[in-house]
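Chain nomenclature is as follows: A, B, C and D, assigned in order of appearance, with residue numbering initiated at 1 for each chain independently.
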Amino acid sequence: MPFQPHRPSRLDLLAAMVRIRAYEERIVAFHAQGPFPNVCTSVGQEAAAVGVVSALGPEDQILTNHRSAGHLLARGADPGRLLAEVMGRATGYCKGRSGTLHVSARELGVLLTSTIVGGELSLAPGVALTRTMLGGEGIVVCFFGDGAACEGIFHESLNLASVWNLPILYVCENNQWQAFVHRTETMVGDPIAAWAASYGMESRVVDGNDVEAVFDAACHAAGQVRATRRPYLLEATTYRQRGHMEPHDQSYVDPAEIEAWLAKDPISRLEARLLEGGELSLQGLQAIRSEAQAVMDEAAAFALASPFPDPAELTAHVYA
Amino acid sequence: MPFQPHRPSRLDLLAAMVRIRAYEERIVAFHAQGPFPNVCTSVGQEAAAVGVVSALGPEDQILTNHRSAGHLLARGADPGRLLAEVMGRATGYCKGRSGTLHVSARELGVLLTSTIVGGELSLAPGVALTRTMLGGEGIVVCFFGDGAACEGIFHESLNLASVWNLPILYVCENNQWQAFVHRTETMVGDPIAAWAASYGMESRVVDGNDVEAVFDAACHAAGQVRATRRPYLLEATTYRQRGHMEPHDQSYVDPAEIEAWLAKDPISRLEARLLEGGELSLQGLQAIRSEAQAVMDEAAAFALASPFPDPAELTAHVYA
Amino acid sequence: MTFLTAQEAIDQALAEEMQRDSRVLMFGEGVATKRKHLLEAFGPQRVRNTPLAEGVIAGTAAGAAATGLRPVVDLLFAPFLCFAMDGIVNSAGKLGYMSGGQFQFPMVVLAMTGGGWGVGAQHNHNLEAWFVHSPGLKVVMPSTPADCKGLMKAAIRDDNPVLFFMDIGLAYAPGEVPGDGAIIPLGQAAIRRQGSDLTLISYAKTVHTCLEAAEALAAHGVSAEVLDLRSLKPLDEAAILASARKTGRVIVVHEAARLCGVGAEVAALVSERAFGSLKAPVVRITGPDAPVPSSFPLEQAFIPQVDAIVSAGLCLAGPSGTRALELQAMRGGWTPGA
Amino acid sequence: MTFLTAQEAIDQALAEEMQRDSRVLMFGEGVATKRKHLLEAFGPQRVRNTPLAEGVIAGTAAGAAATGLRPVVDLLFAPFLCFAMDGIVNSAGKLGYMSGGQFQFPMVVLAMTGGGWGVGAQHNHNLEAWFVHSPGLKVVMPSTPADCKGLMKAAIRDDNPVLFFMDIGLAYAPGEVPGDGAIIPLGQAAIRRQGSDLTLISYAKTVHTCLEAAEALAAHGVSAEVLDLRSLKPLDEAAILASARKTGRVIVVHEAARLCGVGAEVAALVSERAFGSLKAPVVRITGPDAPVPSSFPLEQAFIPQVDAIVSAGLCLAGPSGTRALELQAMRGGWTPGA
């Protein structure tokens, strides 16, 4: 019988988001200290990551892209090995070969991460095809951005997934920006969920900054995929609170837009809800935050202490 | 003031379709006689070609694909030079470099024909962009097939044309087949015109085997593009009466499907209409047919008498 | 020993491997229609038609390969690979390495190319060198039905992405194929004719051109060895160098364009590693740096010809070889039209 | 004479050419945002952002070029070209020829590549050889800000499609740029240092590595000439052959992979046309046949190093050069990790 997600407590949801935020802020801090690999942070998009990933089971598989820290951490990735990968250390999930832009962690079911925008969309049908042909309950979740939806491969991927009845939950994190271009410069009308209709595919738009709403929508969507073994497109409306990548630059963004979205910050919203409802005290909140900081201190220490890969192994892993 | 198409007489529409059919049948006859270059004929799709092209003005530009004879002949191409190109003769529209699959005739405004399925879709926005930036009344008409609509470039092309307000009339000849694959194996739901909605684009489906209906729909569609300088998608429902290419093979096609569509043959339909209405006598019909045959006799003679290109010019035209 | 065309040999290899390993499947535009016998034998799950969408066909193959299947995809004609480069090069070729070895990509990409059908430059473009230049991929381009079968079987069993290029001009030429399901390992060249004065190195259709040329050269008293590369990546460097060191004279022949082609790699390799043994410059006889014309006589002129190989061979192996050759080379070498 | 980074030099070239010719326009992902000064100077019609869709960006450039505009498109990083191959190779590179000369494609495709930023193999993959191998295209890859400006201006004025590759490692290194809007014709290599014993041939970032190596070799009494190709297609064969004939010893250096790379072409060319003048084998020092790792020390190890060039140079120019060299070559040449 298909997987049934158990509902995480609101405190757990908050803690998961806070941990992601703390991780990304640590990245930002490293940049402040000096040269550091360019990273695309997911600050502001924590609810989409936590809400969707919390609705998944151990057999499910995830494909993601260049902005993947939230997905990986929500899935249980070790922040130390993640930071180590960003820093190109041998202890990273990909032994330093990937760096920040294409972190895969097969042990977590996070597969084939590609930084080619649309790469995840091109690979997802094959992963789902294996599921379909070799059996197994799991579904495939494919995270992508509003920009990726403009790539031709979006059309090809969703069409094939529909024609072949592949169990894929497509999750579009519509964060309003595509690197240095605003979403409204690249599409007209009312995308992206609406585009699913072209493929006879069910879809829904959810407030991507409300983690509980995302969790509920993801449970429904994943349930549909499990039940029908057909694809589904979930669009999470959210916002990229920082520049496309670190070092931070939003000089090209309308400050009013930033302000409006900061007011809808997913973490602050849940915190407020919990504090109002008395489910959480200020001390409790402080505890969650400092616990996250402690985790990141440890992660940073681990990464910094980790060795770089041996150049003698430069050409290992090119061929199977 | 924008171009106004004048309405061709029904007899002219018939004659144009009969000429295309006669051309394609001549190709078939050549194949029957022995080895001949593989050609994708447009038998059964004459109404789409004649109906759309008759609605265009001299300034308008056409992009087409591997199944282009109808478009070229409707636009006034010389069947002799067309046949010569198919036969790889120096007198062909492309000096024999193209052969049948990518015939361009710039003098007729038939540009950049590509046999890469989707090539026409990738090139059309650029042609329309030139129109937009250098001025001029004309619009760009892009013929493509139902199979091309499955290529990612379809999504990219229509989206860009919409975002940039490009004056493109997209014409999808939905002939139910994509080489050896039936359309219903490659898409679900109710494509292809419906897909235009994703791009905030107007669209319409027309009976592609009724030349008058196609002409009216094309006049409306082209008028919309002229008036709004925005793209429009017209889908002509029609049928590929022969195999994907010559030599003919339809062993993989359901005979009932063929039969049903042969009953809707665009030429027979108009002939019947004209005979019933007394607009055309059997002698008149015979005259139209034999005139077309005469034209093709002359064309064939011209092509066969034409020289092959000089191998010494093998590398001419590689660079400007 | 039976007589089969290259196409039949490939179908036999596919059938045998699908029979042997249930993880092998095949899909592409028209695959289920055109390979009806495979559909009937293995069913619609393992033999599939696809929409017209090379990008996602390649990506789907990579995604399936990385997770436990062994897909073979038919992308029809080499120029269509232009829509599939991301799946092949950026995903299948790189993600194994980029993930630190977490994934493997046992997949085969089949495509036809080469002169013979007058289909023009958007159906005929010999692109094999692109994939030899790209990391993580393997490339084969056979010259006989027997090799088509043996190399296809090896390609399907290999745990890396393999590009399998079928020369259009050979597709329907019959040849002997051993019935025993023999495998031809990737990376092994074959000496098609022994010789002592000169080595002709080629692959695919032009191997036969070289054999004809060797015959003609023999009449002139020049003994030419003919080496069929079969695999372009991995390249059988040992076989190339052994023959080059033996004869001291090498001509590389292929239909693909000259610049940065496989012939450039072979010539560079020989000149670098067999320098001391070379009695004359390594000559390349290739297709011109031009799109392939459709017109039959032009298409034929595009393909390396026997007499060009013979005259180059006589220059090389003849007494005053080197001088004559450099003069000829000054005039642009033996590239048609160049 | 002013000091500019390569990026600034390219922007200057773009501004000057857009000023000169109203048919020149530029578009791509973020072009209007990142090149704000161009947007302000020339307006939103001629400086455009696009959706994320490399396929139609390339196709649109080809369609616009064929009908009277002169587009420059920024495709950001070379691996993204994998989504744009049809527009560049099948359309812009071939349709002029296939139409019997009815169309021309005056367009420029800009992309960055190369080591330095640790961005990994899906942002850094030196693909220039693919386009050298493809008909109808031209390819440049400059090594200095002055060349960036002069070659960009020439590329924009050329009536053929030009691939303009910017080496990431050079993007922000400042250099002297003549103010006079000088043009550097496509197809002209530049001798960066005169020498008599040995020729180091390279392009882009590794030209500077070669200059360092030449310095070191001079200390050992070896006089090395350094030739900067600048244009990879058309290749300045005359300059290559002249230097090779002069010194009789050639080392080709580039970051791109070895197999079927530009170095293979140069080595094959020299070995074929300057055979009589060669005193030693032509050696290639290139990046390995591997995706580019992200980790900084690995990425650095990927790039050809000065000491590798120096040791190869000493082998070549030293007395018992050839033997030592062939031994070394046996061990796989100087490709890192090979």
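Basically, a contact is a pair of C-beta atoms (placed from the backbone, for glycine too) under 8 Å apart; a residue touches a chain by one contact, two chains touch by 3 or more.
Predicted, not measured: the structure shown is a model, and the values here were computed from it.
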{"item": "Contact distance in steps, from chain B to chain D", "value": "1"}
{"item": "Centroid comparison with chain C (C-alpha atoms), farthest chain", "value": "A"}
{"item": "Rounded Å distance between chain B and chain C, as computed from the means of their C-alpha atoms", "value": "36"}
{"item": "Length of the line joining the C-alpha centres of chain C and chain D, rounded to whole Å", "value": "28"}
{"item": "Centre-to-centre distance between chain B and chain A (centres being mean Cα positions), rounded to whole Å", "value": "46"}
{"item": "Rounded Å distance, chain A centre to chain C centre (Cα mean)", "value": "42"}
{"item": "Multi-chain contact residues (two or more partners), chain C", "value": "50-51, 53, 55-56, 79, 82-83, 86, 90, 97-98, 120, 122, 135-136, 289-291, 293-294"}
{"item": "Touching two or more other chains - residue numbers and ranges from chain B", "value": "96-98, 102, 114, 116, 118-119, 150-153, 155-156, 159, 163, 185-187, 318"}
{"item": "Graph class of chain-chain contacts, one of line, ring, star, complete, other", "value": "complete"}
{"item": "For the chain C and chain B complex, residues of the former touching the latter", "value": "29-30, 33-34, 36, 49-56, 79-80, 82-83, 117-120, 122-123, 288-291, 293-298, 300-302, 336-338"}
{"item": "Complex contacts: residues of chain B adjacent to chain D", "value": "61, 92-98, 102, 104, 106, 111-114, 116, 118-119, 121-131, 133-134, 152-153, 155-157, 159-160, 163-164, 316-320"}
{"item": "Chain D residues touching chain B - in the complex, by the definition given at the top", "value": "23, 25, 45-46, 48, 50-51, 53, 55-56, 58-69, 71, 86-87, 90-91, 95-106, 135-136, 159-160"}
{"item": "Chain A residues touching chain D - in the complex, by the definition given at the top", "value": "37-38, 88-89, 96-102, 114-119, 147-148, 150-153, 178-181, 185-187, 252, 308-309, 311-312, 314-315, 318"}
{"item": "Contacting residues of chain D [partner chain C, same complex]", "value": "55, 79, 81-83, 85-86, 89-90, 93-94, 97-98, 120-122, 125, 129-130, 132-136, 233, 235, 256-257, 259-265, 267-268, 270-273, 275-276, 278, 280-284, 289-291, 293-294, 322-323, 326, 329-330, 333"}
